[in-house]
Every structure is written in C-alpha cells, then in structure tokens.
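So that you can tell them apart, the chains are marked A, B and C in the order they are listed, and the count of residues begins at 1 in each.
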Amino acid sequence: MIRRLCAAIFFSALFLPLPSLAEEKSRVTIASPWEVSSFDTAVSGFAIQALEIMENLVDADETGALQPGLATSWSASDDGLTWTFQLRDGVTFHDGTAFDPAAAAQSLTRSWQKPGVLAKAPVTGVSAKGDAVVFTLERPFAALPAILAHATTIIQAPSALDADGQPSALIGTGPFKVERFTPPQSIDLLRNDSYWGAAPKIPAASYLAAGRAETRALLAESGDADMVFTLDPSGFARLENVDSVKTLAVPIPRVVTLKVNAAHRFFSDPRARQALSLAINRDGIATAITRFPEAAAGQLFPPALSGWHSPSLPRLGYDVEAAKGLLAELGWTAGDDGILVKDGERFSILLRTFPDRPELPLMAAALQDQWREIGVELQVSVASYSEIPAGHQDGTLHVALYARNYALTPDPIGTVLQDFGPGGGDWGAMGWENTEVADALTAISATGDQALRSKNIAKVARILHDELPVIPIVWYQHTVAVASGLQGVVIDPLQRSYGLSKVSWSE
Amino acid sequence: MTTARPFLTILAQRALQAFIVAFIVGIVSFAMMQALPGDAAYRIAAGRYGYDMMDAAAAEAVRVELGLDRHWIVQLFDWLGALAQFDLGRSLVYGSPVIDEISVQLGYSLLLAAGAVIASLLIAVPVGIAAGLKPGGLVDRVTLAISIFVRAIPAFALGVVLVLAFAVQLKLFPVAGFRGPEHLVLPSLTLGLGLAAVSNRVVRDAVADAMAAEWQLFARTKGLSARLSVLRHVLRNASLPVVTYVGVQMAYLIEGVVIVETVFAWPGIGHALVHAIFARDVAMVQGTALTLGLIYVALNLVIDLACRGIDPRTRSA
Amino acid sequence: MTDQTQTGAMPRPRRAWPRIRPARGLGFTLLALLALCAVAGPDLVGQDPAKQSLLDARQPPSAANLLGTDHLGRDMAARLLSGAQLSLSLAVLSVLTAGLPGTLLGIAAAWYGGWTDRLLTSFADAVLALPGLLLVLMLAAISPGSWWALYAGISLTLWVEYFRYTRQRARIVIAEPAVEASRLLGLTPALIIRRHLVPEIGPGLLTIAAFGAATAVTAVAALGFVSVGVRPPTAEWGVMMTELLPYWREAPFLILQPVACLVITVLALHLSVGGMRRP
C-alpha cells in the first residue's frame, strides 16, 4: 500500500506546478447539469442566452416584465396584425460585422421556420424595413414581444452559418464572446469589450456541464466552480454548512405534474382524477424527496408565477379515505389482492417518466406506493421523455410524470394556451376539452387589458383546479451555490440568465 | 496463429480485418438502430430540443428534414455510399459533421486512456515486480489481497474517495472539468488504480514465470549476477504478456470509461455513444462504433509489432 | 487475436485439479452464504423491499430495520437481499450461456481445424472488435430497464473468452501423441475429450467462469449507475448505489452497504479460484 501511495504521489507530482495556485482568481466558472451540444440556437438557445453570448430583441427582468433588448421599442398596428420592432443603433456582432435589420430578420426567419415558440405563434412573415424588423400576423397576438424574449429567438450573426446554412459558430451581440467551445461539456467566454451596454466586470468565464449532482456539489465545495446550479437536496443541505459557499433557493415557475389521459375509460370522470390526486401525499414527497416542505403544490400555478397563482383556491388535499370513497362511487371494488376491479378489469395503469431529472423516478416510486393504498396498481416506465408526446399522439398513454416550465416565455399564456387550449397539448391536457377555458385563454392571448386578463386567468385556474386534467405535485425550487467572494449575483427565477455580466469579485 | 509471420503478412491481415470490422460494425449498428422500439423522429427531436420545447410538431419537422420515412434500405445505402467517400455524415441531433464531433471526443478519450495506462503502469510495474520476485512471499500475498479489494470497488466510489482526499481536503487537484493537465490527474488515477489492480498481477505472474524458466537457470550457471539476469532476461520476457495486456486495456479504456467520464464531467467517446444511442442519432452511433472498431484493429497491430520487437523468436522463420 | 498464444507456445506440465487451500475455502464459504441469501431473498428479514415510508427515510439500523432505511424509507436489508437475487442469478445465467457455447465452439474449432477453425476464429475476432459497450447499450435500449437485455448483452460479450481459451488449449492437447493414438485406436471423440481435454481445460475454465461472473456483477452495477441497467424501483446493487450516492455525506452507512455487497461477491469469486491469475 505504501508503494502504491508513493507511486500515486509520484504520478501526481508529474503534473505540477499547478496553475490554479499561481493564477490570480479572475475567471468565474459556472457548473450546471445541462450539456450544450450544438451551435444551433433552436437546440442550445437556453445556454447561449443564459451565458449572454447572444441577445433577444426583447429582454425581461427578474419579475418577467419586458425590457428593451436589441430592439429599443415596439408597437402593434391598430388592427393588431402588424408589429414593428425598432432596432438599436451602433451594435456589432462579436466578429465585427454590423447588427442590422437584415441580419435580425434573417436570424428570426430561421427561428420561425424551426420548431420552437415562434413557429407556434400566428406569424405570416418576418422582414426588415428601414431600421426596424416587421412581423405580420394572421390574427392579433399580444404575447409576440414576450415570445421574442425566448431563448429560441435569440439573434445570431449571419456569419455564424456555414455554406449549407447550418450554424457552425456562436457569434452574437452579447457582453460575452466565445473563446473556446467543447461540445457537449464546456464553453469558455471572454468579455466583449465593444459591447453596446455596460461592460461586464469579470474578464472571462467558463461554463461546465457536470451531469452528476454529487460532482457539482463537490465542485462548489472545493471552489473549482464559483456558481453551481441545480443541486440535489442532500448536497444543498451539506453546502449550507460550508463557509466558502453561499446557498440560495429561489422558487421558479416549474411544476412537477402528472398528465392524465382523460379520454381513457378509467379517468374520464373528474372524480377519478380527484381520487388519484387525494391519494398523493404531497407533503411527504416535498419533505422527503425535494426537501422544501413549503413547495408541496396546493394548486397548479406556483406563487412564483405572479398573476396566475390564486391564493383564494383551496389547497389540494391528502385524504386516502375520501379517495377510496370517490372510486367506490364510480363502481370500483377491491379484488382479492387489494387492487380495485370493475367489470372484470383491474385498476392497473402505466406511468411514463424519464431519468433526466433524477427526482422524477423517485416520485414515481413514491406514487406507486401511495396509490397502492387506494387499490390502484401502478407500473412505472422510466424511458426517454419523447415517449410522453409519442404516447399523447397515439393515445396509448395512461399517466405521465414530468416537470413543466410555465414561464418558457415571460408571459405564461403561450405555454398555458398550448397545454390547455383546444385539443390539449403534448405536455398538457390529454383527451380533455373545456370550451370555457379555451375561450378564456383566447381572450387572454389577444388582449393587453390587465383587468380582463386577471378575470379570465382566475377562471382558468379555478376550472383546472376542479377538473384536474393534469395533477400538480410539487413546485420547483431553483437551488444555487455561489462562492462567497462573488458579488452582485442575481438569480433569475425565469432562468433566462446566469447574471454573469453583473457579478464581480470582492476585494 | 503460429508463432512467426512476416511483417507484410501482419499488415495485410490487419487491413483485411479492418475492412471486415468496418463493414460488420456499420451493418450491425444500423440494423440494431432500426430494431429499436419507439419512433426515431420523436427520439431525435427530444435529443435536439429538450423536453421543454419538444412536441409532436417538432418530431414531424425532424421526420421530414431527415427523410426518416424513407425505406431503411435507402437510408443504409446512403450511409454506405457516403462512407465510401470517407464522409460519416452529419449528426442527426446536433447538425454538426460526425467527424468533427468524434475527433474532439476521441481526442479527450485517448488522453484519458493514456493517462490511465501511464498511472496504472507506474503503480503496477514496481508492485508486480516486487511481488513476482518472491512468489508466495509476504509482499505477494498482501498485494494480492489489496488487488482483489481494489478490483471490487466500483469506479465511481473510487472516484469520489479520490476527489474527497485530493480535491476537497488537500486542494491539490480540481474536482472536475478539463481545462488543463491538472484536470487529468484524478480521473486517470481513478481508472489507473482499477487497471493496476489487475495488471500488477499480470506483471507478477510474468516475472514469476520468467524467474522459474529454464534459461534463467542457465543464465545463472553462466555466472551472471542475479541482478543482471533479472534485468536482461526476466524483464524482457515478462514484458511480452504485459504489452499484450496493456493493449487489451487500451481497448477497454477507450469505450469503457463512461462512468468516470460522467463523474468527472469529461467529454469522451463513451459518453457520446450513450447519448447518441438514446437520442437515436444513427449517424453518430455508426461513426462512433466504426471508429472504436478500427482503433481496436490498430491497437492489435501495434501489439503485434511491439511483440516482434521485444521477442526475436516471433520474427524468425 | 493471434498474439497471446505466442508466449504460451511451450507446452506446460498438465495441471491437476487444484487442492482446496484456506483462502479458497473462505471463498467457497462466502459464495455459499451469498447463494443462501439470494435463495432466501427478502423473506429472510420479513420486510417488503418496495414498501416505502417517506417520513422514516434514511434511518440508521434499528430492531425493525436491521440495516436502516433508504432515502424513501424502504428497508435496506430487504433491498440488498433482493439485489443479491438479481445480481447472482444474472451472473450464474450469463456464465452458463456464455461458457457452454464458447467452450463447445472452441473444441469444435480445434478438433476440425481448417475452414471451420478459420470461420469461427474470424467471427470471434469480429465480435471482439465490436465495442462491447455498444452491444450492451443497444440491447438495453431495445428494451429499456429490462433484465433480459442486460443479460443477453453481457453474455454475448463474454463467450469469446471461453472460445479462445478452449481452442488454444485444445489444439495443443489434440496434437499430443497420446491423443493421436487414442484417435487411431478408434475411441469416440466424446471419450477422448473427457479423458484428455477436460482435465487440461477444466480448472482454467472454472477460473474464467469466476472472472466472468465477477465481470457480470460489476457490469450490471456499472450500467445501473449510468441509468442504462435495470431501473428504479427495482432493488439492484448498482441502482441502489446510484440512488444512495447523493446521501453519501449525511448517511454514509447507506451507500456503503451495496458497495460492500459488491466487494464481498467479487472477493468471494476471486478467492474461490485462488487469486487473480487468468489461465
């Protein structure tokens, strides 16, 4: 063993001297679980936006309020069918080429033709006109500026595309430019000294994708990473006691929900869905698995989704006896093995979920156990998340467990409309139609009138609460560990930015 | 399989083998990707857009863009035709040329594999020689026990222990990442320790065998000192199985380090292969499998030549 | 490949079946104990390995839960035993299905020689050159989280070793004058194989089998770690390690248990064949 140790130390010595000891700390390193694999903004837009490499026409602050970005102002025509975005002057891309309306229109046209939020908006054309970009619509759509703040509508330079029209570089207008990109694990950034806005205080930054939560917690603890995002509950608890690190937990508008196929004979009656909901011990899951007891979802929209959360709605409860009663009303009786039976058919269903978010299989295991209490047998399939939209399309899905972000765009209406509008959505209602909700959602998307919006939002929230086309389980907390020497850290609940351009090292 | 072959024959045999491997790997990986359940368009769309953005519309767009509704024979011949022009195509998920993806990731994998082999040799050779000089002695028995123990510990547990000791407590090396040579140390050591657990026994056996062999006795009767005879004969003869074993290790390392890559956030080809299979990225899977297969053949060629260099008997006749 | 044979060119004295020594006795005892645990399964502690109690999660050992509870409040002892069932049956099965055809094909290649030999050898070479990881991953992807896919993948990568060893040894044995004489005497192949070949390759095959079983057990655990193997809530050692690793700091006794089980199994397998020497 001594020999072995000696050999190990000898080997280690080969790699000395260590630059990390000599170099003065200036570079800020971010660690996060998400890999960045592509130059394509339609694929990697989230990371490119959050690292402030590229920017949107429209920006948003931490509350979701829209702010000028690469567009200084915007307006709709009186009929609501034409939107004009006035572009900022004197902006250049990282490679020195000019940011002009033609470049913006080219980039946005590409976003529009690729799958993404813009493709779903009622857009009929994008063009450059004078020093502005003009969108034409087929019907009024008040949420267009919010959609132009989304990660898939960031502006990339025309020079970022190769001869085949495929993106082959990360060239934008943001405060950071790319020094080195090693897909899928890391991006090294340098300060863009010719940035049009306030220049970042730090000269360089790095992004490292570390898939294992333990690795990220260790990176934070050892000081190898200065900002670490998405920690596991245990690692978070541990880091709270480490002096060199500050921990933050910010509620975000992401919700773990259970999609139920309402067209299936087991779940077509709302009482069946209510029974399933009543049998879920949300407090237990929030306490033991996510370890934020206050994040047990009392309703679908979390408090972080200001304007959509309704404090007046009663909390979704946990009552096994009431759940059994509802199922008995529907004609289910317990069989020999305790599993409910009706017309010779056992209440045995398949839940689809995926391992990319490690807490989901754990929650599936918890549901399996909790539903057995009311006589529902749950099989769990942990596979690719694409099985969920696929099962939605071919109708074979029973229930699915996933985490849904209702603020993909600063205005949640886009996502909610997609999920609960006519026909339901791949990541929303299935086999469930409600004309009241559909009408209310159409009204919300077409108007900017706050009073009218609030009234309709309250209606939508109440109906979803009673009918439960999707059953909410827990709300998400965005967990972050930050080196204590780092100042000016702002955690964006919308996860649009890591806030690199505002941080600095304390003296 | 006989002992001696001319140099050119070795080359020709390996070239033929490379061709066969390329063909089989291509066909097999293609066939298996076709046999996978589930709709490829959905899987690819999921890999591209992430679950917040992925839906049926995105999947249909992918299907049209990549022509996934064409007959599988057409798709296979497309790939083979492109391959004949040394074009591995573009990744279905990332859109970038497969050759670019592989060359980056393979580079990192080779670096890690080389680091691991060096680490394992640095540990295994001295330990193995010490144990092999006196088979059945105390050193031999203690190192055997330690070897079995290390071999049984899962790589990630070893990794976490090393990170705790060297990165968090001693702050000698970084936890994860790959910016500089110091990042290579802990993952190499994790892998190297696991390898050394086996290879120090190979060294020990080879040394013990060589010590016992007849010509060794002969060398002693010739009057050479014990030290010299060890150096000249034992090590030379013992190095044959070791070289062979190192080659086998390299092949295992290049593909088999997924776990260490995951723990240390190291961009490698094993990691890429896992992702490509789950995202149904046929072009990437074929390209990766082909590269790994050819590397295996190349490694064997190198081993053949190295053995020829070490042991003159394999050259004669 | 051809290379490994070169050093073994000089014939070695035929080995008798090795004697049982203390270390090997310990190995066999451990194996027997493990087998017993696997056969009895979770019934041994009278707990349901799937039964959760979220509010009693991560409890240290107690009278009710002999080895404590995991992150979902399930009984650790019951889960480890259930994992033993899975890992050991997988190891035994994959060794059998890889060993039998591997050995028989090896004998066939050596016995017939010529084209049969060349065909079988190049087939084995091609399988070797196929990345083993690819094979296992593909099969695992065809049937995600299923037990048989793992088993088939592992078995398919293991057989080559039996084939190569048997073929190499059998060629030497068959070339011996004694065997030639037996052939001339008109003894049946079965008899010749039993009399001359089995004593020669038997011990070696046993060792390969133990190595293969150890590889199979660790491979399943490793695949579970990259979430390719069997999926939660199945109690499998690798899956348990993955699930419990996040809690290694606050409850180290949890993650240590499946690791210890794996270490003991591999240790027992190696001890029972007398070390780490490959034949």
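Everything that follows uses one rule, which is that contacts are C-beta pairs under 8 Å (C-beta built on N, C-alpha and C of every residue); 3 or more make two chains touch, one makes a residue touch a chain.
Because the structure is a prediction, the values reported are computed rather than measured.
A.B. asks: Top contact pair of chains, counted by C-beta pairs?
C.D. replies: Counting C-beta pairs in contact for each chain pair, the top pair is A-B.
A.B. asks: Which chain's mean C-alpha position is nearest the mean C-alpha position of the whole protein set?
C.D. replies: B
A.B. asks: Greatest Cα-centroid separation from subunit C: which chain?
C.D. replies: A
A.B. asks: Could you put a whole-Å number on the gap between the CA centroids of subunit A and subunit C?
C.D. replies: 43
A.B. asks: Measure off the straight-line distance from the CA centroid of subunit B to the CA centroid of subunit C, and report it in whole Å.
C.D. replies: That gives a centre separation of 21 Å.
A.B. asks: Taking the mean of the C-alpha atoms as each chain's centre, how many Å separate subunit A from subunit B?
C.D. replies: For subunit A versus subunit B, the centre distance works out to 37 Å.
A.B. asks: Note the residues in subunit A that touch 2 or more other chains, in rising order.
C.D. replies: As it turns out, subunit A has residues touching two or more other chains at 214, 383-384.
A.B. asks: Considering subunit B alone, which of its residues make contact with at least two other chains?
C.D. replies: Only 160, 262, 278 qualify.
A.B. asks: Note the residues in subunit C that touch 2 or more other chains, in rising order.
C.D. replies: Within subunit C, the residues that touch at least two other chains are 245, 248.
A.B. asks: Under the stated contact criterion, what part of subunit C meets subunit A in this complex?
C.D. replies: 50-52, 54-55, 57, 71-73, 144-145, 227, 231-233, 243, 245-250
A.B. asks: Within their complex, state which residues of subunit A touch subunit B.
C.D. replies: Touch list, subunit A to subunit B: 1, 3-4, 7-8, 10-12, 15, 18-20, 29, 31, 35, 37-40, 42-43, 46, 114-117, 119-120, 152, 166-168, 182-186, 188, 206, 208-212, 214-215, 218-219, 221-225, 354, 356, 383-390, 392-393, 402, 404-405, 408, 425-427.
A.B. asks: Give the list of subunit A residues in touch with subunit C in this complex.
C.D. replies: 213-214, 232-235, 237-238, 281, 284-285, 287-289, 355, 358, 361-362, 364-366, 368-369, 380-384
A.B. asks: Applying the document's contact rule, which stretches of subunit B touch subunit A when the two form their complex?
C.D. replies: 38-39, 42-43, 45-46, 48-59, 61-62, 90, 93-96, 101, 104, 118-119, 122-123, 126-127, 130, 142, 146, 160, 163-164, 166-168, 171-182, 184-185, 188-189, 192-193, 196, 262-267, 272, 275, 278
A.B. asks: Spell out the residues on subunit B that touch subunit C in their complex, using ranges where they run on.
C.D. replies: Interface residues on the subunit B side: 1, 3, 17, 20-21, 24-25, 28-29, 32-33, 35-37, 144, 147-149, 151-157, 160, 197-198, 201-202, 205, 240-241, 244, 255-256, 258-259, 262, 270, 273-274, 277-278, 285, 288-289, 292-293, 296-297, 300, 303-304, 307, 311, 313-314.
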